[in-house]
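After this come two complexes, each holding subunit A, first together with subunit B and then together with subunit C.
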Partner chain A sequence: MSTPEIAIRLFAAVLLAPIAGMLLVGLDRRISARLQGRVGPPVTQPFYDLVKLLAKQGDTTSRFQTACLALYLASNVVSLAMVFLGQDLLVMLFVVAFGAVAYIVGGFSAKSPYSQLGTQREMLQLLTYEPLLIFLAVGIYLRTGSFLAADVLRLERPLLPELPVFALTLVVVYCIKLRKSPFDIAASAHHGHQEVVRGPLSEVAGPSLALVELAHWYELPLLLSIAALLWATPLWAGVLLGLACLLASIVVDNVAARLTWSWMLRFGWAVAVPASIANLLYLYATRGGGS
Partner chain B sequence: MNLIQKARMKSPWILHFNAGSCNGCDIEILSCLTPVYDIERFGAVNVGNPKHADVLLVTGPVNRRNERVLRNLYDQMLDPKIVVAVGTCASSGGVFQNCYNCMGGVDKVIPVDVYVPGCAAKPETIIEGLILGLEKLAKMPSKPKKGAQPAEART
Partner chain C sequence: MRDLLIPILVLSPMAGGALALILRGRAARSALVALSAAALVFAAVALASNGLMRYTPGPLTTIDWNRVVLAADVVLLGWFLALAWTRRHPGAFSLALLQAVGFAFLEIRYGERLRVTQGFVVDWLAIAMVLLVSILGSAIALYAIPYMDEHERHHPGVPSRQPRFFALILVFLGAMNGLALSNNLYWTYLFWEITTLCCVLLIAHDGTAEAVASSNRALWMNLVGGCAFLAAILMLAHAQPIGEAMAIDRLVGGPTPYLVPVALLCLAGFTKSAQLPFQGWLLGAMVAPTPVSALLHSSTMVKAGVYLVIRCAPAMQDTGLTNVVALAGAFTFVATAMVAISQRNAKRVLAYSTISNLGLIIACAGLNTAMAVSAAVMLLLFHAVSKALLFLAAGAIEQRIGSREIERMEGLVLRMPWTTALTVLGVLTMLLPPFGVLVSKWAALESAAREPAAMVLFVLGSAFTVLFWVRWIGRLMAVEPGREPEMTEQMPALFRWTMGSVAALAVLLSLLVTQVMQRFVAPVVASYLQVGSEGFRATVADLESRIGSFPVLGLALSLLIAVALAVILASGRRAPTVPYLCGEPPAEGAELAPLGPGDRPAPVRVSGTYLERFFAEERHAAWMTVGGVLLTAAMLGVAAL
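Here is the complex of A and B:
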């Protein structure tokens, strides 16, 4: 990869992707509103929310938490840049996990009981979706013989027909990562939902909360690009696959009620994880035939 | 109108507190969120956390039990913020005026920016009051004035 190409890809990851993410967050709110028979806010609503939060008085009970949220934002930016530059998927997932852990440490640093309770639930969410993402990376490795995102883009055939289960587990990951029902037990994606007073974000306000909003703008393109790896040739089909997963998670959000953390853990480890392992076993059994 | 003022107009996050209301005004506030009125069209969402809120909608005449809760919620909200007193009771005490246990209106406890009349206040009136308040909110300075004191009870 030449230097100008790296610069273009970095520019796309750091500046263009969050704009797309902002519009997707706005679209998400609008689609949810339509599903509920309402008109919904304009698509640019997240932008106005961000500007308003940045212009609020900066007051926080824990500066440490603000630092942790900045780390969370930084890890989202770095992991997105890593995918765009075709870097190692496992390392990328560890960077994502680092951000999630920073978010959790920040939540525990606030003394509010809502923050403590919400952060404990956040940890259970991490425990549910993290293995699913790792299994996905392993599945890609079993077919391509490499963890590099760039090698997935060089494939001639899409991966999805051989990794069908992972498109479904990705919907689960989307629901958990985007804090949607039935998994929105720690802090809901919708500002209107009030489970444990927005959990880890109970003590976060104003400009600190803006960091979290901005991190979500990076998170959505990141999740879309993980889905795009399943159908990397042609790439636009992969992006469509990611958007389909996103739409599925929005529909699930609107038809499902919020369930308990124990249900989420059971669902993750008794259904999604065994299904992922079954798909991996299939890949292992048919190994050497395709590539 | 600059960008910050526009953003404040378009993104009011609302905290709703019932200070001893009969629930009439509260039902009207909630009906603002339903498909008929859908105030999320204007970016307004009902949040459960005072630290995230810009607008405090208060219903009820405020009594001696919940006045400290009301003041606590108000103090937790970050500047700039506005308070909208919804309904006759919140505006003046209504039929509870001069009751021994009632403060007689929200403005006896915290500063009020907009009074919305009605028993119960109609959703259209609540939305109009909210917009009036937002016009005031948009013009407020981002940084609070030095030496500004938290709300004190006015007698």
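Here is the complex of A and C:
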């Protein structure tokens, strides 16, 4: 990769992708509103929300938690840049986990009952989705012979037909990462009220909260690009696949009720993990597509 | 000078230990520890800069060294017998007796086959091990000086047991160096058994019933390993011609016809490294004073086991044995990581994490490709440094708050900001990119990607690992909103210096991971390249393999920038605040107690989550033991077929 190309890709990851992410967040709210029989806000509403949060009083309730949330944001930026630069998918997922850990430690550092309870659930969510994502990376490796995202783009045929289960587990991951029912256990994205209030974010306000919003703008393109790896040629089909997963998670969000953390853990480890392993075993058994 | 290095590394700490028994004053003892530490660090660094070498000691005046080893072995086995007898432990006694009989048979029948032409062979794996033992071991011994003073105030013994304690620690370090460097299996056996004895005596240091019981368990489990080791020696002495029967470099230089002895050595490694089903002794060992745990878990004892298995790896390439070893290691990795989630005792969490990581190292050695063995060696190094830091910090915490319970450490950052910061740093170096342990785990995962069983177990185990680490730092950092620590903390100067340097080492070594790979790891796996198995290439910025790449420099720079930004963003004014309690005002003076019915405070209690419903030890103990026994038996069975 030449230096100008790296610069262009970095520019896209750091500056363009979050704009797309912001519009997607707006679109999500709009679609959810329509599903609930409301008109909903304009798609640029997340931008105004961010400006509003940034304009609020600069005081923080816990400097440590603010620092953690900044690290969370940074990890989302870095992991997105890594995908755009065609880097190692496993390392990219470890960077994502870095952000999740920072977010969780930040939540734990605020000793309020809601923050503690929500953060404990956040931790269990991590336990549920982390293996699913790593299995996905291994699945991609088994067909491409490489963990590098760049090598996925060189494939001539899409991966999805051989990795169908992972499109489904990705919907689960989307639901968890985007805090959607039935997995909005730690903190809900849209529903105004639930028993743990805003979970790990209960003690976060103003500019600190803006960091989290901004991090979500990076998170959405990141999740979309992970889905796009399953149909990387042509790339627009992969983006459509990601959007389909996103739409599926929005629909699930609006038709499903929130369930308990123990249900989530059981579902993840008794259904999603074995299903992923089954798909992997199929790939092992029919080895030969890649190297 | 070169020829003095190995005697210094092996004998000087032993001499220091013996002197510490004679000169019983505190000042003399501290000076001896400091001198031995200086000698060890100096000699280890000199050995590393000297690089590869071979060394065979000349006769001690007129006495052959094999005679000295024989005498030491006789004393040692007698000691085991006496110890098991006085403690009235029939199991340990029979195992010691078995070894004594086996040893006598070995000497009488094969006495002349026990010498080799190359007594010590220094290769890069041995150098890495010697550096770990000498640098971390010395730091821990120095840390123990103030620690044991404080410890003795709580557990007074008359007369002071400190001379014995430090003597054992120093002998332990010498024996570990001997074990790492010796090329003679017969000598290695002596060093192996010395580490067992030191470990067993150190665990019993406090003399309580619990300490003695744990010590007994360590005794019999490690004697099982000793028996396996001796059996391997007997088989090799029987099967091989005179001259080189005991030469380790001959045995493990490449695929060997002597698979059963190799399997027996792996079994011995399993007992030392507390792999399932032998995990019990290391869990019990935490009754000992914390410097002992730090030593056992980081640079000595358990590392001897995995060191031996890594050494044996080339000998079992492309055999059924290596697959079973990989499976057994992966099984331990995932099972102990899972059970660690339910532990409320910080030292127990650390112990399970150690067993789990050792399992991963053994699994990688069993996968036995250049990539996998590279991962094993890296993990051996990085885990030792981070784990030493965590145990030192845990010891400082325990002495201050008088507890090992994670729940009692809630909000510890307010009371012990520096120690907490070092603990959190220790956990982060175990858990997150771009630190060394994580780089090793990445290497392990990618090298396992073609092996379905190992890969699945690695992924699941890694997911469990995140949970127990994050929960612990979560409890340490939990403070009421609005309160922040003053960064002052009283602690003995030696605590500050030893913990500070180990922490610096953990970070520095991670930053230099590509150098570590080039210098220490690549030579270890060089022999694999001949059979077409490729390892990792280290460039300035990345660690690369044929199937992936870890941008070490890029991530380290990103982290630096991110931390700087986080500090700037978080430097704003603090808002005076109270935690949100659904709008209820907190009661006077109690932050987490809103006014409840009748305007009386209704305290809210928050605590960590331990998921005992899913992960309690008792729920899983049975199948873990059964699985461990079956896999160990399978190891021997596969080798014998």
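Miscellaneous remarks
By our rule, the second predicted complex is superposed on the first by the 284 of 291 C-alpha atoms of A that agree within 3 Å, B and C clash if a C-alpha of one lies under 4 Å from a C-alpha of the other, contacts with A are read in each partner's own complex, and residues count from 1 in each chain.
Criterion: contacts are C-beta pairs under 8 Å (C-beta built on N, C-alpha and C of every residue); 3 or more make two chains touch, one makes a residue touch a chain.
Every value quoted in this text rests on a predicted model; they were computed, and no experiment measured them.
By the touch criterion defined above, A:S181 lies against neither subunit B nor subunit C after alignment on the C-alpha atoms of chain A.
In the superposed model, A:R38 makes contact with subunit B only, not with subunit C. By the touch criterion stated above, A:N76 is placed in contact with neither subunit B nor subunit C. When the shared chain is aligned, subunit C comes close enough to touch A:F94, but subunit B does not.
Applying the stated contact rule after C-alpha superposition, one finds that A:L142 touches subunit C and leaves subunit B untouched. In the superposed model, A:V197 lies in contact with both subunit B and subunit C. Residue contacts after overlaying the shared chain place A:Q125 against neither subunit B nor subunit C.
Contacts of A:Y48 after superposition on the shared chain: subunit B is touched, whereas subunit C is not. Counted by residues of subunit A touched, the larger count belongs to C, out of subunit B and subunit C. Residue contacts after overlaying the shared chain place A:L209 against subunit B, while subunit C stays out of touching range. Subunit A uses residues 57, 59, 197, 202-203 to touch subunit B in one structure and subunit C in the other. Here subunit A touches subunit B in the complex through residues 29, 33, 36-42, 45, 47-52, 55-57, 59, 190-192, 194, 197-198, 201-206, 209, going by the rule given at the top.
Of all the residues in subunit C, the ones that touch subunit A in their complex are 410-411, 431-433, 438, 442, 445-446, 449, 452, 455-456, 459-460, 462-464, 466-467, 470-471, 473-475, 477-482, 484, 547-551, 555, 558, 561-563, 565-567, 569-575, 577, 579-582, 591-592, 604, 606, 608-609, 613-614.
Of all residues in subunit A, those touching subunit C in their complex are 57-64, 66-68, 70-71, 74-75, 78, 82, 87-88, 90-91, 94-95, 97-98, 101, 104-105, 107-117, 119-120, 123-124, 126-127, 130-131, 134-135, 138, 141-142, 145-148, 197, 202-203, 207, 211, 262, 265, 273, 277, 280-281, 284. On the side of subunit B, the complex with subunit A involves touching residues 3-4, 6-8, 10-11, 13, 33-35, 38, 40-43, 45-49, 51-52, 54, 78-80, 142-144.
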